[in-house]
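All remarks here apply to the structure that follows.
As written, the chains take the letters A, B and C, and residue 1 is the first residue of each chain.
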Amino acid sequence: MKTPSLKGAAHPREESDLKQEKSVIDRVTNELRLARHNWREHQGRELDLGSRELPSNQAIHNVVDSLCAILFPMRLGPPDLTKERENHFVAYSLGTVERELVVQTCLELCYADRNQQATETLRHEAGKLVGDLIGELPALRRKLDDDVLAAYSGDPAATCVDEVLISYPGVHALIHHRLAHALYQAGLPIIARIIAEKAHSATGIDIHPGATIGRSFFIDHGTGVVIGETAVIGDRVRLYQNVTLGAVRFKEDETGSLTKGEPRHPIVEDDVVIYAGATILGRITIGRASVIGGNVWLTQSVPAESQISQASLQQR
Amino acid sequence: MKTPSLKGAAHPREESDLKQEKSVIDRVTNELRLARHNWREHQGRELDLGSRELPSNQAIHNVVDSLCAILFPMRLGPPDLTKERENHFVAYSLGTVERELVVQTCLELCYADRNQQATETLRHEAGKLVGDLIGELPALRRKLDDDVLAAYSGDPAATCVDEVLISYPGVHALIHHRLAHALYQAGLPIIARIIAEKAHSATGIDIHPGATIGRSFFIDHGTGVVIGETAVIGDRVRLYQNVTLGAVRFKEDETGSLTKGEPRHPIVEDDVVIYAGATILGRITIGRASVIGGNVWLTQSVPAESQISQASLQQR
Amino acid sequence: MKTPSLKGAAHPREESDLKQEKSVIDRVTNELRLARHNWREHQGRELDLGSRELPSNQAIHNVVDSLCAILFPMRLGPPDLTKERENHFVAYSLGTVERELVVQTCLELCYADRNQQATETLRHEAGKLVGDLIGELPALRRKLDDDVLAAYSGDPAATCVDEVLISYPGVHALIHHRLAHALYQAGLPIIARIIAEKAHSATGIDIHPGATIGRSFFIDHGTGVVIGETAVIGDRVRLYQNVTLGAVRFKEDETGSLTKGEPRHPIVEDDVVIYAGATILGRITIGRASVIGGNVWLTQSVPAESQISQASLQQR
């Protein structure tokens, strides 16, 4: 018995089939229009937010890939690049990134601007924000070099620094975070979040763009790591997979809405190591050089040089 | 010392090299043929299943991306779409999706059909299934609007509903799940599973297409969440990363094979919150408005409004 | 109120704007050049490693996708392939893969070779390594067939073996691992790691290419699984999501550097099942046919047929 190939074949359709299909599509198109209308009425009472253009996921992804290539041309840039052509590639790519990022920044500023200023004003502001970001890239590169070294020296399975740079998910997530954090601080939370979620999807590491992270940071393996918006992490900190730096519970205001923006995530001081699966919640402080064992559940501050493990917690 | 460029260079090959390479390839091709033959003999005793065409991952991914764009044209559709052209875009895309999905549905029906009915009968059935699915899209959109609102109000870090829609992995996974569930219920488990795994790969959230999920559902962060085939979730439920709604242990029939399809995953009633890392196993019921704390391990039912935490479990 | 379209519009720029932008780009290009120079001086004291070409992520990804299609042509190959053309497809693709993989292997051998041998010698070695790998493919296919059967019989939600093959992340990760492990053993750790991280990104399953894994292995769901470099896993072993087979703590040598390559991950004997979230650390042995319960934390060996659960650990 032969299985007939169905792909690509233009099946002869009955006239009635086509008519019915058309009427379904017309009806569904109309009902979807109504659903969008109701949603927009419900949401955009004051301003027609629903029909404003947003920054594009795809455009931001392209910009970020270019920024990675600009920061590490021979490792994350085009495969046929040679050392002699690095500067030309970097200068040319910076120009391209600058233009596209100004466009996307304008979209976010327009979207967020409830007073609907003139576009020219916003475009000028966007140009300034993007210029500042580009100016920070050399310092960012030096920070990332420290992160790469931290990964290499923190993992006995690493064979060389270049392996770490091109293949470690923790490094990939951190390059994205340091870019996203700069944009978040510049007042562009939506673009920043798009960048963070690009890294989250690729690595399973979920760092909110608002989180503040010191130098020489290393996340090994990384899947399931969550670092919240107001977390503050010192220098030379090391985390493993499934570590959560989260909030305990959210405050509600008098209307029952959640209070936004309050410090609600942990402070992790310099030289702390946190092993896989540890959950650390609330605005508490993990003192300098502490070691938090795997799967530990922690909701209170610990002093410097603490050694916390599941067993020691049970003995208290 | 110069590192020679190896890429793209056509190396002059010795005649003997080429001969040896050819003989390796011929031998390996033949051994692979034999391996496929043995596998098919072993599997497809009755029917030549191994040579039947299956639905295509790539085709299904394209259909799902189009459906996302149809449901939210200005947010998940093409970046240059304007409000004025939304209806045209939706109607046109519905037609495209309808055609491709009928082809893929036929492939699954043919594959699954042990009696090998005439293709025309299956094509007719496929057309009906796909028409029904398209008819459900407006109701689906309204459900998803509730999910977006649930995400916005459930996360203090969310700046606006549009940020939630375009960047939250929990929302992305849920759009995919609600589509996959409709196809699963229509008797298309393979297409449904392809959709579920597309979302799982992008978000780390693994929801079996068979799971039943009520309105206003929100998963925050999401990496590591697993929701099993027969789980039933009520309205306004909220989950965090690494929550498992799983099975305890599988029943085997008299031949030692696993019994398929039995209810074996939890029932979670309305207004329940389950914090990160909680593992809930077996056909138990989490009563209405209960709060299950982080990392809790639960294999027995709890009544409405329970507050379960690791500590309270130890005190029992 | 009209939201102005910003995309693609060529904004008239002030002469001064353009000048300023150019000077920023020139300055940043120069500072980035300096940062690269400092990094390379710091790293490549003896050899100019930083400017050597590395294997390309994109090229390796293409090779691996082709190898998947060669191993399972009708399921992971091109959608329009028919049974009659399978052999031609396999033979042709093997030739393509052979050529590209020799190029990438040369790049890794050149990069790693501190003595900088003649390229022709390395090319010959690369040809031999790649030929050996291709010769192993039929045995690899038979191993993977066993893995597919193990997944099908280990999951009550699986409807057919083909669903398992095309959609299960555990199977996807294992195809990649078995290829990566062969390359790791051939002395190509960077290419092997690129393959492992491709699977890690797609599935959330992080298996180091060095890990040794027996026949009929199944990982269900899989997100968050970590299997370390020196882990040894027997036949018919089953794991669930978030299981870690990791190292306890790393030894440092007299200079404070981590000792690389030492056996430091668990040995898991035949027929063991390890449920979700279990963490097993150090060079310990899990005896034959043991069952390790969910969320168990284990740092000491257990004898054959042990049944370990959280409760039983507390009773000790």
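Throughout what follows, contacts are C-beta pairs under 8 Å (C-beta built on N, C-alpha and C of every residue); 3 or more make two chains touch, one makes a residue touch a chain.
Chain labels with UniProt names: A, B, C = Serine acetyltransferase.
The structure displayed is predicted, hence computed values, not measured ones.
Visitor: Since chain A and chain B share one sequence, what rotation angle in degrees maps the C-alpha trace of one onto the other, as a multiple of 5?
Guide: 120
Visitor: Chain B-chain C contact: same residues or different, taking over half shared as same?
Guide: Because under half of the interface numbers appear in both copies, chain C and chain B meet with different residues.
Visitor: On a C-alpha centroid basis, what's the spacing between chain B and chain C, in Å?
Guide: 23
Visitor: Specify, in ascending order, the residues of chain C that touch 2 or more different other chains.
Guide: 5, 7, 51, 53, 79, 204, 223-224, 242, 277, 295 - these are the residues of chain C that touch more than one other chain.
Visitor: Which part of chain A faces chain C closely enough to touch in the complex?
Guide: Residue positions touching the partner: 5, 7-8, 47-48, 51-53, 70-71, 73-75, 79, 83, 86-87, 90-91, 94-95, 98, 103, 106-107, 110, 116, 119, 123, 127, 131, 134-135, 137-138, 141-142, 145, 153-163, 166-169, 202-204, 221, 223-224, 241-242, 276-277, 294-295, 310.
Visitor: Hey, which residues of chain A end up touching chain B in the complex?
Guide: Residues 1, 3-8, 11, 17, 20-21, 24-29, 31-36, 38-39, 43, 49-51, 53-54, 56-59, 79-80, 82, 111, 189-190, 193-194, 196-197, 200-201, 204, 206, 208, 210, 223-224, 226, 228-229, 242, 244, 246-247, 250, 257-262, 264, 277, 279, 281, 295, 297 of chain A touch chain B in their complex.
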